[in-house]
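Common to both upcoming complexes is chain A, partnered first by chain B, then by chain C.
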Partner chain A sequence: MADKPLTVAVLSGKGGTGKTLVSVNLAAAAGDAVYLDCDVEEPNGHLFFKPEAAQEETVTVKTPEFDATLCTGCRKCVEFCAFHALAFTGGRPMLFDEVCHSCGGCALLCPVDAIRETDKAVGTVSFGISDCVNVFTGRLNIGEASGIPVIKRLLSKISNSGNRTVFIDCPPGSACTVMESIQDADFCVLVAEPTVFGAHNLAMVYELVSLFHKPFGAVLNKCQAGENPSETFCREHRIPILGRIPFDSALGALNSEGKIAVRENQHYRKLFSSLLEQIGKEALYEAASDSQR
Partner chain B sequence: MKITIPMNEQTLESGVCPSFGRAPYFLLYDTDTNESKWIANSAAESSGGAGIAAAQLLADSGMDALITPRCGENAEKVLSGAKIKVYRSIEGTAKENLDALIEGKLSSLSEFHAGFHGHGG
Partner chain C sequence: MKQLLILSGKGGTGKTTVAGAFIYLSKAKAYADCDVDAPNLHLISHPSCPPQRADYFGMPKAWIDSNKCIGCGTCLSHCRFDAIEAGTPFRVKPFACEGCGVCVAVCPASAVSMEPAVAGELSLYRDDTRVFSTAKLAMGSGTSGKLVTEVKKRMISAAENAELSVVDGSPGIGCPVIASISGVDMVLIVAEPSLSGISDMARIVKTAETFRTKTVVCVNKADVNPDKTEEIRAFCRAKQLPFAGAIPFDAEAVKAVNSGKSIAELDIPSGRAVRNVYAEVMTLL
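Then we have the complex of A and B:
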């Protein structure tokens, strides 16, 4: 059908909902899969996969460097910078590198070539294998303001994944880094908790994936007897419920020991395999109805 | 001495704006001539780096002192580069703050907050 493998993004409106639980177990259930940990401020999928033969690459961004002997103080760079990453006082240009978006405009514009772009390391992407799963982990260096460059590097790995299904473990919330993480996804899985707070956060990511015209479905995590505000939200908004994960101490124990439930427990292997099948069906259905539009 | 204050309104009888970078106006007061004028803060609507751009505006206006309740660390670097002293504002009107500074009753602002980069989750 498509040249590109199925790419599934797993997201939620808040942390601790179960994105990593769901994406790690889906990748393990798929067997021959690619797992991208885009939660670059606190990646934890590797704690479960314990990938072997890890290789690490550095992610850099361009930042301007000024040659004070050439600068004439014309301030064209300061006026150009849309992000206000540059100032000019006391006869010299000043850079605020955490505000800089590495657009390179200042260096292009400088009439006397006083600006040179240099590489600045902002994070790493490491790669290793866990059974048949190719595990990529993004890490943002402490103190850096934006995870976007690290996420871009992770997403560049999708094109080399052959026909393996790709699972993207997104950062929590619905801000820039999440938008970046889901842009290449064919299907989005929204993980939700059975609380009023959980339903509120589900509403945020529901709005986001709707805005991006992404096909999606929900996974209800930590399900117990009684009321589930997230389930009510799904029904009211006709969001397909792809699966339910019970609030189960056995699952909690496996998780807290850094074990992958699918690899340890027959019941959970079945649960996540059927969830995977459900996602495949929904994604296929969406692709088919999309081509008819 | 040229003194500046972030303001919500263009009157000496109103209070100091609680935000520095995103204040709608700056009062520019010259102690030599006793003249007051207001300039619009072109940085107020920026999506980011408002403090840096506002500080640049004040540096370019030749200010010597800033009276503000708070200020970010990036703006502080631009202000100190331009040799603008930063004083902590007191409760009361812009006029009362100007008088207090001239009488030497204002202390310098020593804590500068980190930026609100808005890229988080």
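Then we have the complex of A and C:
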């Protein structure tokens, strides 16, 4: 723990619950922080941070290339490919690169070394600074199926973060991309909205973080008068409630304009600073009780 | 069968709420929830009978026989997915394994085999009048595109004669979305008037363009930011995409959803607006 900065993953089963709102404002409230946007299909954090001096690196995966002069048409590669990314037409293998998982099996098994692996771009990771926040944004290229390679590249940035707190803005849902995003997290923040949809999807991420034995707590967003099915779920499952963000049209307006609430308004700065403090306490408590186990 | 797919790019724009309203208004005989990562449509569509359930098998996963493993590490050095853990014996991390089979091919001791793995559950609800197909991906599983294809297949084969089907898609632009777009007649995008909403809408419009699928746009929570709503209209004009209407933010909509009702059933501002959007979309379809 000591040689690694605190890493907080912000997730929500359902999209649009306020995951980006919470992670962006937590990072801004923390000041000297790192923000990783792992929602690589629809990255939005950069719209708020508007980082300066952005540098961009390309994320590539390996895809096979066939040397027709060497290929004997033995079909070994086609038969091996578990993802059906290779078809056999006109006596030669043909690649459907959008379903290729880059496992390298075809090149490995080709008996005549007719397959060479080349790099194919699937997305980018860009870096820029916004006040003191180091902002990393992953982007999956349109038409590409899997964001995992881009997420892996983003997570590799954690080790260079010094002692800055890292905030990971996860993709929605509970599939492999989310799992990948929370792997390195010390603490998970589950953001939930007050609807039956919100509660149902909260139950799913609750199952996910429990499965991975991650310490976690919930933030209830868009709270208004009346029943809150997500709050009921938290109470029933003894999920610590880290904070509540009221439904608030002023906050909604700031957010829709791409403004960071804690940088605009003292009231929201206090709200997110106390949320940050609460997360720090819970994470510390979890770490302490973990070392006693 | 005409297939209408409802997408949003960004999550939480009201995709499922709009889908629920369209199902109610069209009395569609077939509908499906393709948001297999976070399905919600069943919460408001009240199927009247228990579902026919089926396991969904994703990619098989590698398994190492501890009696045969000689600990040479060949599998570990060839695995591109960091799915092998060193030790005695070596082990497969099931959540990381993508099922490519390279480890099986390289193991000199034939200690590795591929085992079938359940990656989700499909549910098909059908009564005399309607068919509803949905599924739930198991925690942390990949390959949800295949599951989406399966959900649609089950819907189509159970309701071949239905004139219209309404499909609720998933957020994002990746594999499940690409799988849900394939074969549909029209995509309705539910956009949100915010900087994030517009950015995500532009990405999903581009994705739909790649598949040459007819696309129309509506805006939800339009009055939250009228300027951004106007920006979305302008975007549609520039792209020559039909604009199907705007739905206002409505606190009553939250109550309707929480009581398991569609907004289209009620005489509330969002309900009235969604009926207009529906009429517009049906003339375009």
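Note that in this section the second predicted complex is superposed on the first by the 292 of 293 C-alpha atoms of A that agree within 3 Å, B and C clash if a C-alpha of one lies under 4 Å from a C-alpha of the other, contacts with A are read in each partner's own complex, and residues count from 1 in each chain.
We take it that a residue touches a chain if its C-beta (ideal position, glycine included) is under 8 Å from a C-beta of that chain, and two chains touch if they have at least 3 such contacts.
As the structure is a computational prediction, the values presented were derived from the model and not from experiment.
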* Considering only the touch criterion stated at the top, classify A:Gly143 as touching first (chain B), second (chain C), both, or neither. => second
* To do: Pick one for A:Leu211: touches chain B only (first), chain C only (second), both, or neither.
  => second
* Asked: Is A:Phe88 touching the first partner chain B, the second partner chain C, both, or neither of them?
  -> first
* To do: Check whether A:Gly252 is in contact with chain B, with chain C, with both or with neither, and answer first, second, both or neither.
  => second
* Given the touch rule stated above, what does A:Pro171 touch, chain B (first), chain C (second), both, or neither? -> both
* Asked: If you stack the two complexes on chain A, which partner ends up touching A:Phe96: first (chain B), second (chain C), both, or neither?
  -> first
* Structure fact -> Per residue count on chain A, the busier partner among chain B and chain C is C
* Asked: Which of the two partners, first being chain B and second being chain C, lies in contact with A:Gly73: first, second, both, or neither?
  -> neither
* Structure fact -> Intersected contact list for chain A, partners chain B and chain C 15, 41, 83, 145-147, 171-173, 175-178
* For chain A, which residues are in contact with chain C within the complex? -> 13-17, 20, 41-42, 44, 47-48, 62, 80, 82-83, 101-105, 108-109, 140, 142-147, 171-179, 193-197, 200-201, 204, 207-208, 211-212, 224, 226-227, 229, 249, 252-253, 255-258
* **Interfacial residue positions of chain A with respect to chain B in the complex** => 15, 41, 78, 81, 83-85, 87-90, 92, 94, 96, 98-99, 145-148, 171-173, 175-178
* Asked: Of all residues in chain C, which touch chain A in the complex?
  -> 8-13, 16, 37-38, 40, 43, 59-60, 78, 80-81, 95, 98-102, 105-106, 137, 139-142, 144-145, 170-175, 177-178, 192-197, 199-200, 203, 206-207, 210, 224-225, 228, 251, 254-255, 257-258, 260
* Asked: Okay, in this complex, where on chain B does chain A touch?
  -> 43, 46-50, 52-53, 55-56, 59, 74, 77-78, 81-83, 115, 117, 119-121
